[in-house]
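To start, the structure under review is shown below, and the notes come after it.
The chains carry the letters A, B and C, assigned in the order they are written, with residues numbered from 1 in each.
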Amino acid sequence: MQELILSMLVGRAPDWVVVFVTSLLGVVAIFTFVIFSNLAAVWIERRLLGRFQIRSGPNRTGPEGLLQPLADALKVVGKEAIMPFAVDKWVYLAAPAAVFAPAILSFAVIPYAPGLTLLNIDVGILFLGAVGSVGVVPIFMAGWSSNNKYSLLGAMRAIAVTVSYEIPLILSLIGILVLGATLHLETLVEYQIEHGWFLFLQPLAFIIFFIAGSAELNRTPTDIMEGESELTAGFHTEYSGFKFTLFYLAEYTHVLAFSAVIVTLFMGGWGSGPGLDLIPPALWFAAKMYLIFCVFVWTRATLPRMRIDQLMGFAWKFLIPLTLMNILITAIEVYVGLASIPIFLINTVLAAVLVVLWTRVVSVRGVAVNRSEYVARMMSQPTGQAGR
Amino acid sequence: MYGLGIAKGMLVVLKHIFRKPITQQYPEEHVVLAPRFRGYDFAWVESRCTGCATCAKACPQGCIDIVTHPKEDGRYAIDKFDIDTGLCMICGLCVEVCPYDALFMGRGFDLSSYNRWDLVVHKDDIGNRPQLSAYFRPPFGGQSANREDVDGLYQASTGQPKPEEAKP
Amino acid sequence: MVQPSPFVVNMGPQHPSTHGVLRLRLVLDGESVLDIEAVLGYLHSSKEKLQETHTYLQTIPVTDRMDYLSSMTNNLGCALAIEKLAGIPVPDRATYIRVIMSELQRIASHCAALGFFFNDMGAWHSPLMYFLQQREKVLDIFEMVCGARLTYNYIRPGGVSQDLPPEFYPVVTKFLDELPRTLDEMEQYLWDNEIVRSRTVNIGVLPRELAINSSVTGPVLRGSGVKWDIRKADPYCFFDRFDFNVPVGEKGDCFDRFMVRLYELRESIKILRQAMEQLPPGPWRSEVPVIFRPQAGDAYGHIESPRGELGYYLVSDGSVSPWRFHVRAPSFINLTALREMVIGHKLADVAVIVGSLDVVMGEVDR
């Protein structure tokens, strides 16, 4: 696309106009894609969550409930936007927009098709990490400016979790960097198409990235920011109307951005596999992105919530040592100079071994008891003094 | 191994996508009620009722309001037979204790109105509903039945004449 | 840095995690609970006083509404107390039908209790929906027998009000054949789940001596290691003719209570099969007048409801209504042990512990 526009404009306009026009078109295209994906994600989540729970989701508004996200958006926008009296006004108003910005910025560096990246910078992964980290600040802005003791507590908890889980998030990517020897996202995608997806070459990194991402995004089992503050609704208690819509959309955009990053870094981006080149690569990318989103919904449907101290212990004591070991093992493999298939086999086996060993060390499991033994003990208790 | 329990749980939940959802698509599909379902639309068979007011005495809430006056042949003529369905808790005791099987439970559950006094059903419109519940009414053979079949069913099952024809 | 002093927080009467209108006043230090006080009475509707104006037959529908998640057992307790008071005999078939209804009710109630327990933990409705699907089948069975799904008014002094319909036996047998499959699936889902374990193991521990001294009963007591079940200790309704086990936990934490309830479900299936086989033909109710006057005196009828020992203490003065009608509600007594279970744990555990106690506010407040 850039070549087409370049060919039209190159002789007739100064360079900066060409760059400006192509970038503008790219931004509009990405924005449209993101907004459409948001609506699709809301629909997928509600219907899929329903099917996991043996019920149909919303299926009345529009055919099969396809207009439900639109109805939700219209409803939330139509609510009264109450601003409490004693809030810190400019921080309060800026927080929703500030939350939305980093989520959508992540979409800028992702390659959607061969040669189709809006921001083709050499430090793609660094950009993603930086933008993700910025996303912590608006949460605290929202909690602080609400002038509400419980919002502040919710925001502080949210920050603690987000900051803690950034470390395993970024560290798990270092294994990929060691293998691919570059930070450039397009090169990493091409490496995957040539050598095999990082999903197989770095299984431990994938799982850790998924868990840490799920914690960053407030998805169950780690949704302490919205569900666990059992007294109020967390840092966005005092928001209503359009500001709340922005928080809501920002959450879904964030989830979709993470899915896109997972697809790019672990599942081969726009790559389609041998011989299936009839479907355009951008569609492959979108299909994989929605598939990972469905996996997020599946996790939400199944698992109960973790408690905040268990969550922090899990990050610091369990995930971070595992990522460090992953980096060490990958570095050794690259130094020795192994091909892809041995890397895949070794990494998978070592991932399982590491997890088992580290579980024993940290003993996060609780009661490790054989079920039939437990049941037998339960059923055959001798009667105590109090009963017959 | 840490994570195995979670993986098993995720598989169990995944299997449920492939099962048919249990949602009933109301209003296209209606719930099928059991024959003995105790519902609101009471049916009162005036020909069988003698005005003994056992139902009114049995009601824990005191919903039933009966006013009678004696006729020449010694029987009672019923002036007023009101059931306050707003107060009723559908316990079915009135239907259970009626000695002449003159009061029947209905099969309605979605009654609503804009005023509390509209919920009081009077002598004229009580028993206008077609479908009756088989609750405590053995001649219906365990099935619900229509209002106009009541007398015929009772005669056929018990062989006894209608109370009107019995001696006072 | 400002040090937050212990602050008082209300887990108010309207709350998604408290089962009904239970108000908990918590004194928190950051995340840990220092003190808890339960404020009750939001659902009080003076049912005990109301019963003093009802005849003995009319008391039965009102007992339905106390523990609304297990109405059959409420009716049964009241009927037993009235029969003791007035000396009413009960035919054999009626007793077996009462056992069948009581165990079916236990299945339905434990399904609801376990489903909501996992809901409180944050598993968004998935275990709840799977358990409620089974409960719906039981409610459909009840609708087939007595016409109502929640407030049955079925078990009367003297027997049961109506005979079982002919389609009862095949429907219940089919249900009993399918239920173990769902229970196995739920165990596979939840037994091993690390998150469930870390949220319930060693949380809300009720030591054995404290449980006995607080007169806690039911799965809460059995979870703490005391094998006390009224069906075995003081058998009513021919429970000594059935062969079943009573699951007992060890530590008294939320996990043990969850497993005790799950395995009580399985034992109920066993009792049901035996009762359906042994069901004799015959009358289903002895002749009892609609209004009767028992001798002056008192009687206490107690049963093992899904929440504990449900007892009815009736005092009669020889008139048509009871002079005093007192209900020993198990959820109310179990709530008195809440304080010791919660202190020292975190805020997030309070919801889980209240869920594992399985309180129904209808019988707490009456």
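Observations on the model:
Everything below uses one rule, namely that contacts are C-beta pairs under 8 Å (C-beta built on N, C-alpha and C of every residue); 3 or more make two chains touch, one makes a residue touch a chain.
From a predicted model like this one, the values you see are computed outputs, not experimental measurements.
Closest chain to the protein centre (all Cα atoms averaged), using per-chain Cα means: C. At the far end from subunit C, in terms of centres built from Cα atoms, lies A. Separating the CA-averaged centres of subunit B and subunit C is a span of 28 Å. Distance from the subunit A centre to the subunit C centre is 43 Å, each centre being the mean of its Cα atoms. Per-chain Cα centroids separate subunit A from subunit B by 55 Å. Annotation for subunit C: residues 126, 130, 133, 189, 191-197 touch two or more other chains.
Residue positions of subunit A touching 2 or more other chains: 52-55, 301-303, 364-365.
Each of residues 2-3, 6, 9, 12-13, 16, 22 in subunit B touches at least two other chains. Across the complex, subunit B meets subunit C through its residues 2-6, 8-9, 12-13, 16, 22, 33-38, 54, 57-60, 89-93, 96-97, 105, 133, 135-136, 142. Residues 54, 57-58, 61-62, 64, 126, 130, 133, 136, 140, 143-148, 151, 153, 161-162, 165-166, 185, 188-197, 290-291 of subunit C are the ones touching subunit B in the complex. Contact residues on subunit A toward subunit C in their complex (touch as defined above): 49, 52-55, 149, 220-221, 223, 227-228, 230-231, 300-310, 364-367, 371, 374-375, 377-384, 386-388.
Partner subunit A is touched in their complex by these residues of subunit B: 1-3, 6, 9-10, 12-14, 16-17, 19, 21-23, 25. Considering their complex, residues 48, 50-56, 59, 298-299, 301-303, 318, 352, 355-356, 358-359, 364-365 of subunit A touch subunit B.
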